[in-house]
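Next come two complexes, and both contain chain A; in the first it sits with chain B, in the second with chain C.
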Partner chain A sequence: MINTVCDEMCLPPTDMLYGSPYEFLETGIEGQALFNLPFGDIVNFLTPYTAVLFIFALTFTIIAAISKPERQVDTVFGGDACYTKDIPQDTLRFQRFMAIACGLATMGGIMAGDVFNFTLFTAFIGITNIGIVAAVKNKHILDNAFEYGLLAMIGTLPLFVGAALVLATTGTLSMWGLFNSSAAVPLFAKLLLVIGVIAEGMAPVFVAKAEITRAPGAPFILMVHVSSLLIFLRMIEIVISV
Partner chain B sequence: MTIIRKVSRILQNHNNLTAVYALVVIIVAAIGLISVAVGDITFEKNQLYPKTINPDSPLNPYDRGGEPFALADIKAQYPDNSPNLGYITGYLSPLAILLTKISPHLGTTIVAHPGGILDEILYSTRGLDTIVETSILFVAFTTAMFLYRRDEE
Partner chain C sequence: MILLYIILAIIAGLLFHGIHRKVIARIQTRPGPPIWQEFLHVMKFSFKQTWIPKTASKVLFVAIVPAVIAIWAGALYVLLTGGSLLIIFGVYLLHKITEHGLGLSSGSPYGKFGAIRSVLSAASEIPLIASIAGIYFITGSLMINDIVAYQAANGMLLITALPIALAMYVIILSKVPYSPFGIIEAKEIVSGNKTEHFGAFRAGLEIGFALKTFVLLAVFVTVFIGAMPFWMLLAATLILLMTMSFICALTPMLSPYDAVTIQIGVIIIVIVYMAFMAVFGGMP
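After this line comes the complex of A and B, so read on.
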């Protein structure tokens, strides 16, 4: 009796995945999956909803990869002088690397077909956000990066505890199993996932507070905002669907 | 002072955000404790990756059983993706074999040293996890190196 329940719930029939291309995963808010990409047991997928998010993340990653840093011009009041702030080459390289890594992590989080992988990619985004913000050599910006780092570290606790509770209460982490089954994920696990993602996605608050959106961090700072927005949207989809 | 003004006075200082967040975590943890007490959260015994714990094994609690390089029965979520699953259940380095013979209490030490146990269920069925975890470490070390070496020139 119990085994049949688990077979229906934990193991999606393989012909659903490989038999017909038209009988894909039906998710809660966005319809059928368009595409899947298996990595062992972890099968990533895109649906119309996540495909839009993916294209958005891809566009901004390309923009971050090809754009040159913004050079702030300060005008001296009462005179004709103005001077341009120079961005050191190594800071530029580092921020560009972090922005691209952040974009890749965002795309991974959007495609994730597994709750634990989603939380891993969210933690990845948090780390790259710290890198982007901390690269600017300025005392109050570094203070903000430190505060955000603390928050991101606290946030990993509810994030991973949430994923662990999903596994403990349903027996599976795969969204292929969770989205279609009647197994209820407890409200507590959903709340933990939500507050975990909030901590990791809090970076734009600190960015805005430190006023570095148009300072020597631009345009790589954009990735902080894009990744937080997209990971929030993906988290909402997961919490509604499971 | 209205309540909104009080709340916004606290939230406008970003140095308070960590404390506010910690408070939210405490509230959610309290909800969790209540829901455990009510019986809302129950352990699902039919786990996707089943595991038996053998307290007598020197590799406890990491022993998944089976002879290395012999076929073992491992339950895969998507068997089509892992055709070679179950052929290598674990590999112990010579040092790890020595440690298992010395004491039955070194399981964690054996797993923690490099090359101790290759856990097939991790490397074969959840391969993307290991890639993402090492990527996170790589990026974290890159940030640390950049910040540490920035002032050297």
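After this line comes the complex of A and C, so read on.
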């Protein structure tokens, strides 16, 4: 995605962007890259920082895939009896599917070497998070899923506009190039990216409102928290580095 | 060698927890437990009968314990090798996920309330982001080796960037036992997110939390004072912890909303400080 009509702010030609995988990307923020996988000018890569995030996302995705949910204990209102809540089989299947999709999107966002891909995966995380919460057939929970859905949809606007501004001002979306370039990304573009990720990553707050006493499904609901925090951590790395 | 350091850090962390309890007790004119009480706790829990509650999500209930130990052992490795402060920041946030998972996994309402409070107290991460951004703007790097080198050339960040150090201090304070910000384990919800983890699981958690305490204190000392021999690091971290013991002994547990309000106040102070530095000089 290198712009052919760059001014002096633009990056060097594509063939100058990649050296040896182990000698190129080294920043004062997260150390030297451990691994890279170039697709044209888009280079997917892992640094020690993103490797930690990736391993964590992978671990919790596996846990979500193989765990059965907890059976939440609740008290009968007005009495001293207790009962446990169970998740119906079809809801369980759907939540598990969404949790795994959410984990895959998170891993994609962590490994993305392109700002546009990062924003796509972030939007994907928002969609899967809505799915995890909205799977529960309860008015209060569906209300929260609806509110979060609106926020996530609105959040895609600054998210993608931020990515578009990065391309317009630097001539590339490749992080591999941007991290090593002196071409400055405008503060406004960074701000839009931050606002977009925060809007997509607000899901745990809505889940917290809904799940206090109503929704069992710990391994799946936890994926909402995992994905939001991990994508937030990746966003911090990108915003500081570009 | 790194394994030896991890074991030493666990021992130091457990001892620190014991000293912390002792100092709090003495300030409150109580005799308090012996300083090796936390070792005794770990030993006791290790050999007590252990089972998984019938209502728990079994895999998550068990997996969360090694996850706590693993992330803080990783953070210690990063600190010892002079790696990126951003990774330690990441580990701090990953710890938040483990706190949440710990409470959700059992099916207990007490654990779940602890988990929900963990989400609410996410405000404590905001001062951390501000602190780390401030360190980056001042030193031009987030690699711990570079930050240590910067301090060797320009003096301690504890003096030259005091508001940032104070923000980090509040963050660490929020994670020590009996902290006024420790809303996730408040006694009105029994032991909060840890309520249902007992026996060997609780022993594992105590080990992970001891490691966390030591790592956070050691990060503060290294980043704001500088590199030093291991024995001196132990002494400095202990002094730092004892200052926190005074605060824990003299301050009641805050309500969840008060805790969040104070943490937001801290970030405003850091942002004003950084804006002041940017306008009137002081940042490279």
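Keep in mind that, in the parts below, the second predicted complex is superposed on the first by the 203 of 242 C-alpha atoms of A that agree within 3 Å, B and C clash if a C-alpha of one lies under 4 Å from a C-alpha of the other, contacts with A are read in each partner's own complex, and residues count from 1 in each chain.
Keep in mind that, in the parts below, a contact is a pair of C-beta atoms (placed from the backbone, for glycine too) under 8 Å apart; a residue touches a chain by one contact, two chains touch by 3 or more.
If you're wondering where the values come from, they're calculated on a predicted model, not measured in any experiment.
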- prompt: According to the contact criterion defined above, which of chain B and chain C contacts more residues of chain A?
  reply: B
- request: Examine A:L165 and indicate which partner it touches, taking first as chain B and second as chain C; both and neither are also allowed.
  value: first
Message: Output check: A:G103 vs chain B and chain C. Expected answer is one of first, second, both, neither. What do you get?
response: neither
Message: Contact-wise, after the overlay, does A:L229 reach chain B, chain C, both or neither (first, second, both, neither)?
response: second
Task: Identify the partner contact of A:P38: answer first if only chain B is touched, second if only chain C is, both if each is, neither if none is.
output: first
Message: Looking at A:V205 after the superposition, I want to know if it touches chain B, chain C, both of them or none. Which is it: first, second, both, neither?
response: both
- prompt: Same chain A residues contacting chain B and chain C, which ones?
  reply: 205
- line: chain C contacts chain A in the complex at 54-61, 63, 67, 71, 74, 78, 83-84, 86-87, 89-91, 93-94, 96-97, 100-101, 104-109, 112-113, 116, 119-120, 122, 129, 133, 136, 140-143, 146
Chain B residues within the chain A interface of the complex: 14-15, 17-18, 21-22, 24-25, 28, 31-32, 35, 40-48, 76-82, 124-129, 132-133, 135-136, 139-140, 142-143, 146-147, 150
- prompt: Which chain A residues qualify as touching chain B in the complex?
  reply: 2-3, 5-6, 9-11, 14, 17-18, 38-44, 90, 94, 97-98, 101, 105, 108, 114, 116-117, 120-121, 123-124, 127-128, 130-131, 134-135, 137, 144, 147, 150-151, 154-155, 157-158, 165, 167-174, 177, 183, 186-189, 191-192, 195, 198-199, 202, 205-206, 209
Touching residues on chain A, where the partner in the complex is chain C: 28-31, 48-49, 52-53, 56, 59-60, 63, 66-75, 84, 204-205, 207-208, 211-213, 216, 218-219, 221-222, 225-226, 229, 232-233, 236-237, 240
